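Which chain is which? They are A, B, C and D, in the order written, and residues in each are numbered from 1.
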Amino acid sequence: MKVWKLKLHQVLNEADTKSGLVYEYVLFTAILLAVASVALESIESVGKKYCQILIIVQGIILVGFVIEYVLRIIIIDQPSKFIFSFYGIIDLVAILALSSVMYNDHLYFLVVIRSLRFLRVFKVLKYIQFRTESKAILIALKQSRTKIIIFVFAFLLLCTCFGTIMFLIEPKESGFTSIPMSIYWCIVTLTTVGYGDITPTTIPGKFIASLIMLIGYGIIAVSALIVTSEASKQIAAGEHESNTQTCSHCLNSEHKDEARYCHKCGNSLEDV
Amino acid sequence: MKVWKLKLHQVLNEADTKSGLVYEYVLFTAILLAVASVALESIESVGKKYCQILIIVQGIILVGFVIEYVLRIIIIDQPSKFIFSFYGIIDLVAILALSSVMYNDHLYFLVVIRSLRFLRVFKVLKYIQFRTESKAILIALKQSRTKIIIFVFAFLLLCTCFGTIMFLIEPKESGFTSIPMSIYWCIVTLTTVGYGDITPTTIPGKFIASLIMLIGYGIIAVSALIVTSEASKQIAAGEHESNTQTCSHCLNSEHKDEARYCHKCGNSLEDV
Amino acid sequence: MKVWKLKLHQVLNEADTKSGLVYEYVLFTAILLAVASVALESIESVGKKYCQILIIVQGIILVGFVIEYVLRIIIIDQPSKFIFSFYGIIDLVAILALSSVMYNDHLYFLVVIRSLRFLRVFKVLKYIQFRTESKAILIALKQSRTKIIIFVFAFLLLCTCFGTIMFLIEPKESGFTSIPMSIYWCIVTLTTVGYGDITPTTIPGKFIASLIMLIGYGIIAVSALIVTSEASKQIAAGEHESNTQTCSHCLNSEHKDEARYCHKCGNSLEDV
Amino acid sequence: MKVWKLKLHQVLNEADTKSGLVYEYVLFTAILLAVASVALESIESVGKKYCQILIIVQGIILVGFVIEYVLRIIIIDQPSKFIFSFYGIIDLVAILALSSVMYNDHLYFLVVIRSLRFLRVFKVLKYIQFRTESKAILIALKQSRTKIIIFVFAFLLLCTCFGTIMFLIEPKESGFTSIPMSIYWCIVTLTTVGYGDITPTTIPGKFIASLIMLIGYGIIAVSALIVTSEASKQIAAGEHESNTQTCSHCLNSEHKDEARYCHKCGNSLEDV
């Protein structure tokens, strides 16, 4: 009995075994299919035409998800540990959401629960860890958590300030109907997204908008430029490090530019 | 008397004490509430509906701000030092602005003073210093002040040049009605914001617009690429750093390339 | 016979010989002309007016491309190796596409094959290797392949999540007609492109849109900021990098780490 | 006579002397005024209203520019060297352009020459060199010239490829009326500017547009991410790098932090 459990555990949880890796790919495909079928169903013309095929695909995936969920509970010694874990909850919600989607043609009152639909997407989150590299990025993010918080805070502060100024300057006809709307416009501008649904129309408004853009662009560009020029400095410094002076005594060739004596054997480098 | 003052000083000014930290959070929440209530009031539909609730909230916060302001003056030995400091002025303006907002339903002629409203936002500026990390960023900004000035100057010069060129090339119907308007368009394009309220319509105009976009994108992308390839060079150089030498005595395996003796136990690495 | 082949091989394949370099420039110009003539032909007004000139230009280039293709087959010992190589296929497709374009005024049923037209552009790809520098960039890209895959994957996952949320929040009238459409909008926003053809209209929609923009902007800006502040730290640290060895004879203090003799006066640094 | 020339030379050309610096600021203000007055004149409403004031300002500046130009010719030993230098030509063109602007209300046939107007802006170019820092940036640009060329080339190649694909996929009604227009759209998208004047309407078109955006964003974001994670690696590695331990036997000083014996001679580092 235990061997059977161990084998299953390897398949379901250990992606570094051969059977585990195969399973990972199968699950990955199933999730992609589930997400794609829900996405396709939302397109009105496609949803009507291929309704039946999509329901069959979703049904098969749903059965698969349920079997997987049950198996995961069976093989673990403390089922509650899995059920209340992050992925346990995601798995359950995904199953519930998928089943609700399948019946929404008949049980219209479940339409509200459809809003849980997108949660299935989180199943894919598991695969974000598929390489150790991603962990390195997560660690880097954690290390600079404070910096990110300060950045976001300063960013929102800037948006609030400039958003309020723009609300006072621009007429309501330009789209700056309220302070939150102006702050939204400011975020759109400062991030250099620039939809163009709201744009300043007065001259002082355009002036401040230019300033906001310059700040938004500058945060990235100036940072990049500073790093670049520092890098070029280091290159420039590095270029003087090597010269062709070679000691005639010990053949050591790595001398400073202004060296007059070999720093290895003390032999004069100049007149030999 | 002095103990009472000292205690209050700790609460109001020293965020590293326990009571000070609690106060910081209370003040932070109050400022957030004040900003949010003013922002919500500016939305017409919300402003009318929840007018009374918002006035009550603003009233409570105003009383709090006034008490805090008075206390800060009392505890300091030289009150003028606080009153004319940056935060002293901000605090006072915030109180005046908030009180003006509260009465603007009755005293319509105070609407002009409402423009000081956004200054309350600056109260939040205090919290920008809530971690030492932010100081490091400010120092980095100061160190590269000259670079930033040159960058902004070169950026505006580019915008003036290209703006004037576009004004001459494009017809006024495209939106390039004046040189300042063209410079504004150029800033929108060079920062990659791209609202789309003004777009070139002629072929040479589109050609120059493409050039401007390329420059705007290139400043960031080329800088990033240069840094990246330099970094990859350093990685290539760094790959030779670790070797497989292992001490036969203590099994320590992290040796320098030129190491001849183990730096942990002094055992020779060369001949067993 | 062999000398003739070798000479031709040098011209066609070895850009570092003089005749080879001249040929490279001729071919580069020919490809540019071919691309430009096809591009110009697609502009309706130009295509009708200068039709004959463009056909003549395309004809000359086509003949040149055919001759080059034949010569490349002749000079190689194993013609199949060239024919089925990447550039061999590109060359052939370019010739076929160019000839189909030339006759499309008479042979209307070849219009479908016109879709291969753009493949000629790939001929230019050869020149991407014109400097060794480009190889360094390609190596850097290869080394960070895993990081790029993770990044793209995480990016698409984010877009799917936020796209689905926006589809549920926003009314269909705003343009969020289906999940794929919402994902498309999300990509437009997260990359800070921001066309503005689809924009959120509800308040929660605008709130989530702001969040998406902040993430999109943050990925670049926060990375750039972290690198910058790290760089400034290293500069501060680097100022103390040089060691404390000082010559007892001339008091020169800038020595290499492994220096045993002063490089200024030849005095031994070690035992004094 | 020579002393007078020398004094004038100092004022006009040597910004590091006191009188030279004062002159620099005066000239800088004059150029700014000239640019601003021409820009303001182009705004129709302002141009009509303040016509006379602007003409007077431009007149005074023109006289100043002429006097300066004449003085620069007088003080130099070989006048031709200045007249045909970059700044000599810019100065002359600026004077001619400014005078043409002043008379364009009377001499309408000079409107064509107005196109030289923007050249005055180049006068400001002189000030781009006002700090040595800017030279460092220019050197960095020169050093990475090859990289920039490859980048621009690869960028335009991508735009041509994707532009042609989009022209074939999208209907002409979407705005993709010709290959050059599609390439223009592609540049707008790849640089993340995103005007929104031309947007894809078909599903495959939107799919490829998403791909283009991802590439455009990825070039910056991936580079930034790679640099960041490398930087965080180096920080982790660097924390153990330098210490001041020196072997008392061989004076080797590059030891690991946890080193207890010298890795060069095997001597104990601890108790000597």
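In this section, a residue touches a chain if its C-beta (ideal position, glycine included) is under 8 Å from a C-beta of that chain, and two chains touch if they have at least 3 such contacts.
Treat the numbers as computed from the prediction; the structure is a model and nothing was measured.
Novice: Please decide if copies subunit A and subunit B contact each other with the same set of residue positions, more than half shared, or with different positions, and reply same or different.
Specialist: Counting which numbers both chains contribute, under half are shared, so the two copies meet through different residues.
Novice: Of all chains present, which has the mean Cα position farthest from that of subunit A?
Specialist: Farthest chain from subunit A, going by C-alpha centroids: D.
Novice: Averaged over CA atoms, how far is the centre of subunit A from the centre of subunit D? Could you give it in whole Å?
Specialist: 32
Novice: Can you give the whole-Å distance between the Cα centres of subunit C and subunit D?
Specialist: So the centre of subunit C lies 23 Å away from the centre of subunit D.
Novice: Mark out which residues of subunit B touch at least two other chains, giving numbers and ranges.
Specialist: Correct list: 137, 140, 144, 147, 180-181, 192-196, 216, 220, 224-229, 232, 235.
Novice: What residues of subunit C sit close enough to touch subunit D in their complex?
Specialist: It comes out as residues 35, 38-40, 42-44, 114-115, 117-118, 121-122, 124-125, 127-128, 131, 133-134, 137, 140, 144, 147-148, 151-152, 155, 180-181, 184, 187-188, 190-197, 216, 219-220, 223-224, 226-227, 230-231, 243, 257, 270.
Novice: If you look only at subunit D, which of its residues touch subunit A in the complex?
Specialist: Residue list for subunit D touching subunit A: 136-137, 139-140, 143-144, 192-196, 220, 224-225, 227-229, 232-233.
Novice: Tell me, which parts of subunit B touch subunit D in their complex?
Specialist: Going by the criterion above, the answer is residues 146-147, 150, 153-154, 157, 160-161, 164-165, 167-168, 177-181, 183, 189, 192-196, 199, 203, 206, 209-210, 213-214, 216-218, 220-222, 224-229, 231-232, 234-235, 254-256, 258-269.
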